[in-house]
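Presented sequentially are two complexes of chain A, the first with chain B as partner and the second with chain C.
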Partner chain A sequence: MSEKKKYRSKSGRERVTRILIYIFLTALCLIWLIPFIYLVFQAFRGESRSMVTYIFPKEWSFDNFIFLSTKTPFWSWYLNTFIIALFNAVLQSAIVLCVAYALSRMRFKGRKFIMNLMLVLGMFPGFLSMIATYFILKLFGLTSENSVPGLIIVYAASSGMGYYIAKGFFDTIPRSLDEAARIDGASRARVFFCIIMPMAKPIIIYTIMMAFMAPWGDFMYASLITFGHEEAYNVAVGLYKWLDKEHISNYFTIFCAGGLLVSIPITALFMALQKYYVEGVTGGAVKG
Partner chain B sequence: MAEVKLKNVMKQYDNGFVAVHDFNIDIKDKEFIVLVGPSGCGKSTTLRMIAGLEDISGGEIIIGDNVVNDMEPKDRDIAMVFQNYALYPHMTVYEIIAFCLRLRKVPNDEIHRKVVEAAEILGISGLLGRKPKQLSGGQRQRVALGRAIVRNPQVFLLDEPLSNLDAKLRAQMRTELAKLHKKLGTTFIYVTHDQIEAMTMGDRIVVMKDGYVQQIDTPINLYDNPVNKFVAGFIGTPQMNFFDADLVNDSGKYSVIVYNAKVQLPDRINEALSKRESVPEKVTLGVRPENFIICEDDAPDTFPAEIRMTEPMGSEIHIHAECADGICPILRIQTSEMSEKEQFELIGKKKLSLKVRESTVNIFDTVDGRNLAVVNAVPVPDKQEADIGTGGSDKKKKKDKKNRK
Partner chain C sequence: MSRLSELEYLGLPPMKRKLYDIGQFFVNLPLKILNILKQIPLGIWKGICAVGRFFASIGKIFAEGDWKTRISFLIMGFGQFFRHQIGRGIIFLGMESLFVWFMAVMGGGYLAGLGNLGEQATIKTLNDYGLEVVTYKDNSLKILLYGVLTIFIIAGFIWTWYINIKQNHVAQKLIEKGVRPKSFKNDLKSLADEQYYKTLLAVPLLGITVFTIIPIFFMILIAFTNYDYSHLPPDKLFGWVGWDNFRTILAADASGNDKFAYTFREILIWTMIWALVATFSNYFLGMFVAMCINRKGIKFKKVFRTVLVMTIAVPQFVSLLLVSKMFSNEGIVNGILREHLGWITENIGFWTTQDMARIMVLAVNLWVGIPYLMLIATGVLMNIPGDIYESARIDGASGFKQFTKITLPYMLFVTGPYLLTSFTANINNFNVIYLLTAGAPKTMAYEGGAGGTDLLITWLYSLTVTNNDYKIAAVIGILVFVVVAVISLIVYNVSPAMKNEEDFQ
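The block that comes next holds the complex of A and B.
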């Protein structure tokens, strides 16, 4: 009897702890969500376009979105960003996966050196090379109004350095699979595409998502390389322009509406691939 | 179906570490060769060199009539079975077996015929639609074999294929592999660290240590006439017992004295010793566990041993004993002709008087471990070389590199 009591009190204590934990997590979650909720409410506010001190709109409307679509170049920025992100997703994934596979499987002179070099280079913040990059691109005429191809090159060019996670994943795939396929008669390329790629789905998806998201939200390079040419802006640069002193009183709710639209494809992509994403991030570490 | 020849094959890594020294062998057509040795002895490296997965630093490998040194693995007409099976996890069994045929652009109906045929030989016809994840260890092993036999290769290479199976399945697969070898009539080269596998399956066995070939011989010869102390100790469980002994010449007949007991040496050793220019005074006497005779306490030419532990195994009893100088021999006593009472008596004993079955003994050089009765016996690689030889881990290689600098 006494044992039963003891057991009950233990489970009761456990329940209290659990409730406390959930309260804490809910609070954290709300704090996290407030900016986004605020953004959504502002996007649908109809009474004025300036910043206000309250959250809930007095008048709900789609005016901000209509304004965004008809009176601003927002959709052309959107298209620019989309093209850049899409191209980068393809190019960067291909480069990263190839580099990672080569570094994981092949043994060649300078392999260790290259890996260390890329690690060290990756530690320098990207903006250190910004000016040089700008002048090089200008030399080829890929700045200002031609920024879209220029930006694609900038993003894709350095992508091989992000090989680490993919290499970690490939390292967990037994080498004997490669060897068996080579004895079966497959070339290196065939081993990569027919044997390794089908097994590496999580990491492929992870790489594609990363490669899509990075240029989607990039501000620094885009603002430098477009250099004030409005038609070549991406969404981050375009929207940010509305937050400066002269625009903010007339464009704040428009900014919020734009922000909401920007978040849609990323959220959708994330939701759709969430399962693989988690597998990809942890898969490299624990998959036997 | 081909002969395989290795001529002075050696493997040296970039850091100077030599994994295989001067490997020479002529493997006959349809022969079942087993490479055996402790881990790090270079047996897998040798196999991988034959497969073409590892470059050769020196020498020649000949398969059939072709020198294959610089040939790609796929052009060598070999098939390999890996320790972890290496089955492509995203393919079905059918696709895995058919993969190599697809790559060789074999027509579809022929692929189908061959896959079904291979599956029938191995008894996996019902599993063709499954993926490797849905198979047991034994079934996976069969699929790996199926992938190999479907190509009808000249040489079969097997790299410890049974070591991931449980004991019972391993014994079963062992006989099945032997049967398969008979059925296919292909040259088999088989790597294992398990000397029981080697003894039961091989036509000839290659014993390796630290990258050196120690002996290439039939299982029986390996067991009865090991070339040195290492081979003697490696082949056979429980392993051969070694005693320090004095070699004496009794009017032309040699015998050894061990713990004051005289052991007359058999004719084959006598002959070999009489041909030698010089004969050492001290030797190491090697006695297999089954070659002890338990005698009455006061019998002549026996030596005493105390029983430390007994292990009844059913058909035999292993007795761990201890002799006067602290050497602990293991005895293997067959129980099939003993009554239960006799067995109990034996287990209950504290002391034994032992005699050695004279016709079966071997004597070894105390310094380099060579069998004194075998002409041109290979010495056991000395400790220093052995230290380098057991490498293979990165740590060791790094150390070697440092030392060279």
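The block that comes next holds the complex of A and C.
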């Protein structure tokens, strides 16, 4: 009650500032939402499939989605991406958590060296190593038509270098817990699975979520590995092509429909697990 | 800010102590940078010492070893067989035989091939019926790749061999003291306990070696060859050219053409401007938005936050490609401005002139980046104790003063490492540039298909994927590494939050 009074009695300046902030934030939210509103309208537009100069469709229809499902390999791209994302969620999280635990909890010879090595390797542009990785994968026949396992390997193999956020989290769990368990005769492996893992639920969910979401947005690696084999594309590479000069006049609304189908489940998942994302991102940024 | 003595420092209340630390950090900045420069020769010297110690310890083991240990220098695992460690012995012996077999059958040839990367190019002849017959000869790419793999296998073997003699030495010492060395069963057990880190790190490190270290090593070698569109295996050979490619990029090529060097300089400058502006504009505006949302008395905090956060979730290739098309010549923005509002008569070329395109990518990058920063800043701002502000208010500090004297230094202090990572991430920000402009507008002034908004990383991409100019791409990749490494080295050494990782525990 007294709190409210204080605000009211404050000079009009505070009120003006607050109104300005509301205007600013509302405008901001509008700007941030426009592309998505536009995406939805275009996806459901029935007339002409090219770009038009108005926002509201004159005719609403599902034609774009039907076209997408029947006349394009969209769903096979979707399936590819989904399989990659699923495998990546499992493999990458396992790798990241193992590395993070080992580097956070155990002290051994070469630990500093490994951390510095990963730091230095991380400074090379990822695409540089991609060129040679492409040839290595090609040796094993894991490019073009076999891109799905190839991409899973590419994403998972180097994921150990992204251990920072998980390690930062493990660092905050008191070490006395480990020690108490070890005095009681638990092995390191048991401590990891039975004590640390249950406590690290937020960071595990964050890691899995990131690992699952990343392949949906990857264009750079996927375009190189799947080069020239349409069936093996992931959604990003597949949809990208529809916006080039030759295709855009016939595929623009199809692209929007496809983009919508990709965005909805990812966004839903993200919003559901938002809490963990915020925790991971802020924790990671603050601890470094 | 004057320096306080230790006693005075300890006498300060904790909050003031923190502020004093932050102030001192900025005062000491130049000195610290000088110190880093001193560390480089020191690091090199340390490396030389480590190599020296390695050989010294081999000598020591040989001198102190009994006959079993000494034979193990040649026949790996020999000593283990006599010291109740048959499991280990079998593994070592197996590895050695595998290695010898590999070197004899394949490795030797691969290694020899590295000398000139192949001698005979593929021959194409016409047979009696006038059809083309292709006889594949040497493939430089495969020769180089296999050669690199062989080098890594040899390095791995030397390492195994060293572990072998060292373990012999340890076991010998134990037996001399009358202790029985660990059995194989105990070895396995310790992999789940004291040596659990080996189990945990084995697969990740193998993955990093095969898919990061070897490829990077391979690409560094490519930078010293003439592997490009006119030397594409399997039809043609490529070979070693020394530092020529570096000269092409940094000064001028053999014929005195410095167009590549010019392009590189221009793109490097733009990359730096981009990274700097993109990082700091996102940082400050994101912080501003966070402060607006978190301000006392503002309602609908959750709504505002949710709308902004949602944009993180939508895959960038959807949102950025769409935005890029919205601003294109036939796009909705031009359409509305021209047809519906009548503000313009001719389309605005958002992506067609270099300056406009650069401003646009920076602006759209704000759209991408502000939500992240809003989240991070919210987390940090919540952690600033309220009583600092309270006391500042009592002392009569204005809102602006509170911001510059408390909020900003605290934010910078806490998120210093994050600023560095996001700066280096922006140097390599492929998605925003490539999905928005793909480097356009292309210009004739640039070599190698580069355009006005190309960063080094997107140029690297188009050099490889569209131009097949691998040698130049490799050089650019190495130079990007040098730039990032130098910046990181400086920032890591002056940033207080990066050190003392044990402090958190």
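Criterion: the second predicted complex is superposed on the first by the 270 of 288 C-alpha atoms of A that agree within 3 Å, B and C clash if a C-alpha of one lies under 4 Å from a C-alpha of the other, contacts with A are read in each partner's own complex, and residues count from 1 in each chain.
In the analysis below, a residue touches a chain if its C-beta (ideal position, glycine included) is under 8 Å from a C-beta of that chain, and two chains touch if they have at least 3 such contacts.
The structure displayed is predicted, hence computed values, not measured ones.
Asker: Should the pairing of chain B and chain C on chain A count as a clash or a fit in the superposition?
Answerer: In the superposition, chain B and chain C stay clear of each other.
Asker: Considering only touches as defined above, state whether A:Ile31 meets chain B (first), chain C (second), both or neither.
Answerer: It touches chain C, and chain B stays clear.
Asker: Quick one: is A:Phe169 in contact with chain B, with chain C, with both, or with neither? Answer first, second, both or neither.
Answerer: In the superposed model, A:Phe169 contacts neither chain B nor chain C.
Asker: Could you look at A:Ser263 and tell me whether it touches chain B, chain C, both or neither (first, second, both, neither)?
Answerer: Only chain C; A:Ser263 stays clear of chain B.
Asker: Taking the superposition as given, does A:Leu177 touch the first partner, chain B, the second, chain C, both, or neither?
Answerer: The answer is first: A:Leu177 touches chain B but not chain C.
Asker: Who contacts more of chain A, chain B or chain C?
Answerer: Counted on chain A, the partner with more touching residues turns out to be C.
Asker: Please indicate which partner A:Phe135 is in contact with in the superposed arrangement: first for chain B, second for chain C, both, or neither.
Answerer: So A:Phe135 only meets chain C here.
Asker: If you stack the two complexes on chain A, which partner ends up touching A:Gly217: first (chain B), second (chain C), both, or neither?
Answerer: After superposition on chain A, A:Gly217 lies in contact with chain C alone.
Asker: Taking CA centres after the superposition, what's the angle at chain A between the directions to chain B and chain C, given in steps of 10 degrees?
Answerer: About 70 degrees, rounded to the nearest 10.
Asker: Pick one for A:Arg188: touches chain B only (first), chain C only (second), both, or neither.
Answerer: A:Arg188 contacts chain C only, not chain B.
Asker: Once both structures are aligned on chain A, how many angstrom separate the closest C-alpha atoms of chain B and chain C?
Answerer: It comes out at 8 Å between the closest C-alpha atoms.
Asker: Which chain A residues lie in the overlap of the chain B contact set and the chain C contact set?
Answerer: Of chain A, residues 174 contact chain B in one complex and chain C in the other.
Asker: Once bound in the complex, which stretches of chain A touch chain B?
Answerer: That would be residues 174, 176-177, 179-186, 190, 195, 198-199 of chain A.
Asker: State the interface residues of chain C toward chain A in the complex, per the touch definition above.
Answerer: The contact residues of chain C facing chain A are 141, 145, 189, 192-194, 196-197, 199-201, 203-205, 207-208, 210-216, 218-219, 222, 289, 292-293, 295, 297-298, 303-304, 306-319, 321-326, 328, 330-332, 334-336, 338-340, 367, 371-372, 375-376, 378-380, 383, 414-418, 421, 424, 428, 430-431, 434-435, 456-457, 460-461, 464-465, 470, 473-474, 477-478, 480-481, 484-485, 488, 497-498, 501, 504-505.
Asker: How about chain B: which of its residues touch chain A in the complex?
Answerer: Those in contact with chain A are residues 51-53, 72-74, 78-80, 82-84, 86, 88-90, 99-100, 103-104, 147.
Asker: Any idea which chain A residues touch chain C in the complex?
Answerer: My answer: residues 7, 14, 18, 21-22, 24-25, 28-29, 31-33, 35-36, 38-39, 51-55, 95, 98-99, 101-102, 106, 108, 111, 114, 118-121, 123-133, 135-136, 139, 153-154, 156-161, 168, 171-172, 174-175, 187-189, 192, 213, 216-217, 219-220, 223-224, 227, 235-236, 239-240, 243, 248, 252, 255-256, 259, 262-263, 266-267, 269-271, 274, 277-278, 281-288.
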